[in-house]
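The structure under discussion is supplied below as structure tokens; questions concerning it will follow.
In this document, chain identifiers A, B, C, D and E correspond to the written order of the chains, with residue numbering beginning at 1 in each.
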Amino acid sequence: MRGRGMRTAVFRLLVLVGLVAIWEAGTWAADNPFFPRPSTIVVRMHELWFSGPPTALFLTEGAVADILPSLGRMALGFAGGALGGVVLGLAVGLSARVYDYLDGVLQFLRAIPPPALVTVFLVLFGFGLRMQLAFIMFSIVWPVLLNTADGARSVEPLHLQTCQAFRLSRAERLFRVILPSALPKMFAGLRLALSLSLIVMVFSELLPGTTNGIGFQLTFAYQSFDLPAMWAGIVLLGVLGYLLNELFLVVERRVLAWHHAAQRLVG
Amino acid sequence: MLEIDNLSHVYGGGTPNEHHAIDGLNLSVAEGELLCIVGPSGCGKSTLLRSIAGLITPTGGQVKVEGNLVRQTPDNLAVVFQDYSRSLFPWMSVADNVALPLRRKNMDKSRRREAAQEALESVGLEAAGRKYPFQLSGGMQQRVAIARALAYRPTLMLMDEPFGSVDAQTREDLEDLVLKVRGHHQMTIVLITHDIDESVYVGDRVVVLSKAPAHVVGDLKVDLPGPRDQITTREHPDFVHLRAEVGRLVRGHATV
Amino acid sequence: MSAQTLSRAVPASATTRWRRRATGAVCFAALIELLSRTGVADPEFLPPATEIVGRAATLLLDADFRAHALTSALAWAIGLGLAALVAVPLGLLLGSVPIIDAATRSVVEFLRPIPSVALIPLVALVIGTGLQHRVALVVYASLWPILYNTMYGLRGVDPLAKESLRAYGFGPLAVLRRVSLPSAAPFIATGVRLAAGVALILTVSTEIVAGRGEGIGVFIYFAGIAVPARMADILAGVFWVGLFGVAVNALLVAAERRAFRWHHAQWGERE
Amino acid sequence: STGGASTASAPPSAPANGGLEKTQLKIATLPAIDSAALYVAIDQGLFEKEGLEVTPQIVQAAPEAIPMLVKGEIDAMFGNYVSMFAAHDKNALKLRILAEGSRAAPDSLSIMALPNSPIKTPKDLEGKTINVNVLHNFQELALTQVLKANNVDPATIKYVQVTFQNIMPSWKDGQIDAAYLGEPMVTAATAGMGARKILDPASGPAAEFPISGYVSTQGWYDENPKVSAAFQRAIHNAAKLMENNREVVAKVLPTFTQIDAGTAATVTFPYFSSNDNPVRLQRVADWMLEAKWLTKPIEVKSLMSPTTSG
Amino acid sequence: MLEIDNLSHVYGGGTPNEHHAIDGLNLSVAEGELLCIVGPSGCGKSTLLRSIAGLITPTGGQVKVEGNLVRQTPDNLAVVFQDYSRSLFPWMSVADNVALPLRRKNMDKSRRREAAQEALESVGLEAAGRKYPFQLSGGMQQRVAIARALAYRPTLMLMDEPFGSVDAQTREDLEDLVLKVRGHHQMTIVLITHDIDESVYVGDRVVVLSKAPAHVVGDLKVDLPGPRDQITTREHPDFVHLRAEVGRLVRGHATV
């Protein structure tokens, strides 16, 4: 068990180091200002965000001004979107009636490119945080919704019959049976939504009136052709994405322990 | 207690796979009775059970429990499904699986836990409470499903081949357990089995169903001197006679 | 009664179901109409639904618009197709060989959150700005839902089903192909359905930000830079995109129903 | 008849034009009035006269065209100097200015307030929120100088980036206090909303402020010196034609912008440069350096060629 | 044919749920033999079967099939799982389920289909080929699983309570079917059952396992005059004696 874990960790590190080395070599060979070397990017990242005083945990003012608000927006947007997705997904997945009424409209909304709706968002929500949150939620709700609906729809029929035979209440059925059995699929949706929320956060920071954030910094850097700074933003997003995903997997492993254990039954 | 009136069920009506599972079945079970149902594989026993439990809506006829037409699952009913392993919830420990239905019973948590533990003990699984279903053997899973139904203390218990996956010794213990529980709690029990000896040993009455579409071809009152006992009862001449009778009925040589 | 909906099919006739769908759509349209007519949202920026739909109808007669729509649909279709072609095998690989999944996870998770805005110029530099540009971005974004649903779908396969085939001496590949894949297929299909939406969004969004004169997104962009902005045009474009999304979804659902009859039959027609 | 028709009839190679390195050019332009000279040159057969066949490629923002230029998908592009100088400064490309394009004319840009706004004078702008298309671009650059000249502290202004189509809703909704508009929005806002002009950002020190030009890379220029000269001539000749002749401009506007014929007849045009002048362009680079948008000075003259036309 | 040497298996070693399922089990089965295994519920029979099939790697000891150490599933082996319903593939028709393993056998499509249909007929399901597993009753599903194994014509067949869900008549037919198939095709069969009569009736040898952790507590040769017959064999005095013997062993009163 432990040995296996160590092996993967080492393997993983090797893969990572190898890829960064290839990247460095590739950019060195290409010598294209649009593709700065990873070492340059790291230096720029340090300058931008991590060269602050020890009292601020080495975070610069720029980091506090850009990274924290972004993460805040992302977290709020993710929480709202995920909740909305789960609730709507369960409703649509469980009730034929709700499905019939909502499916068309939801599928319609799902296909709409948010950039085309910026003006509508603007008149509905105004500048700033509210619009950004609405924007993030609107974008990430779909994977959670669809996967939850799928999970709720494919609950083992005998489980439902068991519920019915023992006349479990609606709430018990929902929380003790349907939700747990839909969880594995829901988690697939949530994991998609998590990194999507990072991406959409960047988009939301392009919206009219934004004045800070990683996405803002990133686009500003591109507009002024500060390409290492733009790449610093990209790498930061990548690192954040990676960290958030690891965090997510920890949660998933806990919540879905039964699922993973039952799956390991076979070698 | 239970009235089944001209019950019919057709699966997939109108499709090429249309199948008449039950056809004009009549049956009534008295309060406190333990009725055993035997019949050939695929004849429609499980279908009948599902109709009684209100899990499927029969395509014809009606089922009444305590005088009420069954539309939804009647109150105070418990079912042990034939496919026990699928009817357990894999995300819950064994104890939680057993305790879950008790939430309907206005018991507080510790009472529920106690009741679950008690039921598990009665089926010989006192040590398995904290395990998950997939960590149990087939027979143990089946016993968990039985424990779940027992802990619930229903007034009507439906059991679909509940002892199929346990060894002979445990099976006898469980048969006696059912008999005991029935006596204590005035349950009405409908038990499907393929074991003819078992049907005669535990049943007050044995109903034999025909090949599909199922209808009743034999209905035998089991009048054995009580209390029943695995050794003496099975040696009783009436027992031997009855099991031969049931056997003949099942094989299609109806003499009644 | 109502509690039944949690577990059992509520048999509703096709007409009832269509009526409900129509009701849903009409309610949604009415909501927009109301927001706009009452002035809760400035009608200059959110025109009434009737106006949007009316405009959408006349757009159909516009050959220019049809050409825009066609190029977008092409980019969408190629992008989605490629994404599925890449993501399903990749998902099967990552989902069935945990060590590869673990080893590549850092890279995969690192790449995922890179937003297409940042990628637009970089991709343009590497592969140019034509159709291939949009297709590349579409593939990149719509890869993930399929990949993840494939991986999670594989995890949900009943281990005993896999054992059954293994017991007959089938190797891991055969088990993957004959058990894991069919068993996970319905969930993979859901991933494809998700990806179809993502691909549509990416196609149009990329066009809005960096289209090169063609595509429905460019149409929307041009309507936006007019003075005053032609909101009815924008939303009529959006309307067609949305309707296309609905149609694609319906088509995919129908295809799933055919392909996974066993799934739907077994799990009951609860939708 | 559009420009396309006349270019199509151009002879494939015109030896009269003295061995051009290439005859077919693809130029990225913006769907804005500023790029009108290129379209007029096409429409009036001025490129044809030089032996060039020019295909415009509309892009939505200048930065989007830079990868195309670097990759060689296009020969040249129309872009604003601030972006181009920034790109040059950051080595994203080695800039070469082929021909000047547009300069701000009075009233072609405007800081405006709604009729009921408390903002009446430039001084009232202090501490207010104003939109710009893109942060740290020519709009800010010019306004900063003009504000200074009007005794307003430019540092107090809060700029927010608002895309074109969202200026009106944000403004009406009070999300921005004053709007920084270009044509044709100035005309539309004045006529349709009764908006008041508070300040002309292209006045005083920023009068005739150069906005955009036709640029390529140094490498391309080195390979195509004759084409460059021919191209510059055509653009300058177009600009000359356009001076005092609204019709030639108004005619082409609807073909590449979203401005209809009616509006085209009334909007204020920028100045279209009919010669290249390093001195006025140097001002842009200097101000950028002053604003610390550049890391080192740029000597603009070295990026330009002398005017060879007229 | 099959050699089991000091086999042990521990589930969840090192965790609080550690469970010793098998402990130092030795067993060998000769070519063509039909070995029945009986033992209490949860003792480790299915675990043993999985080890033989190479589906789990035992934590101790070794299993050899035809002299080769089992690391992967040995060739020409078929298994009927205890949890038959989950071992069928819901996305395939019954016929396809049965035909699937035959892809290993170099048969063309029509041959596979024929073989599947034949096997289905032999278990009494000639009409079920085009149905899907969920459209079958429990006992029918179990018979599909049996048919799948039979169609494969393995040299070693492992059956985990294969007749638990069918009625008495069908059960007898299936017992005879297994005996017949074994005779025709020289199969070695290991069959787990809870029915003591059955173990004596079909087995050449009956092995009794102890409570968990499982080891062999009894190993009886069944020397009944063949060919066996449901009526005469079961009346044979040796049969009656053997079943009593096995019964005693299972109940823990080992006399051998």
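In this section, contacts are C-beta pairs under 8 Å (C-beta built on N, C-alpha and C of every residue); 3 or more make two chains touch, one makes a residue touch a chain.
According to UniProt, the chain labels map to these proteins: B, E = NitT/TauT family transport system ATP-binding protein; C = NitT/TauT family transport system permease protein.
Quick caveat: nothing in here was measured; it's all calculated off a predicted structure.
**Student:** Following contacts chain by chain, what is the lowest number of steps it takes to reach chain D starting at chain A?
**Tutor:** The least step count works out to 1.
**Student:** More C-beta pairs touching across which pair, A-C or C-D?
**Tutor:** Ranking A-C and C-D by C-beta contacts puts A-C first.
**Student:** Suppose each chain is reduced to the average of its Cα coordinates; what separation in Å results between chain B and chain E?
**Tutor:** Those two chain centres are 27 Å apart.
**Student:** Averaging over Cα atoms per chain, report the distance between chain C and chain D in Å.
**Tutor:** 39
**Student:** Nearest whole angstrom, what separates the Cα centre of chain A from the Cα centre of chain B?
**Tutor:** That gives a centre separation of 49 Å.
**Student:** For chain B versus chain D, what separation do you get between their C-alpha means, in angstrom?
**Tutor:** Those two chain centres are 85 Å apart.
**Student:** What parts of chain B, by residue number, touch at least two of the other chains?
**Tutor:** Expected reply: 72, 83, 86.
**Student:** Quick check: what residues of chain A touch more than one other chain, meaning two or more?
**Tutor:** 34, 119, 122-123, 161, 164, 222, 259, 262, 265-266
**Student:** Can you list the residues of chain C that touch 2 or more other chains?
**Tutor:** Expected reply: 3, 42, 45, 121-122, 125, 160, 163, 166, 208-209, 224, 229, 234, 263, 266.
**Student:** How about chain E: which of its residues touch chain C in the complex?
**Tutor:** 50, 53, 55, 73-79, 81, 83, 86-92, 100-101, 104, 132, 134, 152, 158
**Student:** What part of chain C is in contact with chain E in the complex they form?
**Tutor:** Those residues of chain C that touch chain E are 158, 160-161, 163-170, 178-179, 182-183, 185, 260, 262-263, 265-266.
**Student:** For a test of understanding, state which residues of chain C touch chain D in their complex under the given definition.
**Tutor:** 42, 44-45, 120-122, 124-125, 128-129, 208-213, 221-230, 234
**Student:** Across the complex, what residues on chain B touch chain E?
**Tutor:** By the definition above, chain B touches chain E via 11-12, 17, 19, 38-46, 82-83, 85-86, 130-131, 135-140, 143, 160-161, 164-171, 194-196, 247, 250-251.
**Student:** Applying the document's contact rule, which stretches of chain A touch chain C when the two form their complex?
**Tutor:** Residue positions touching the partner: 7-8, 11-12, 15-16, 19, 32, 34-35, 93-97, 99-105, 107-117, 119-120, 122-124, 142-143, 146-147, 150, 153-155, 157, 160-161, 163-164, 170, 173-174, 178, 184-185, 187-188, 191-192, 195-196, 198-199, 202-203, 206, 215, 218-219, 222, 230, 233-234, 237-242, 245-246, 259-260, 262-263, 265-266.
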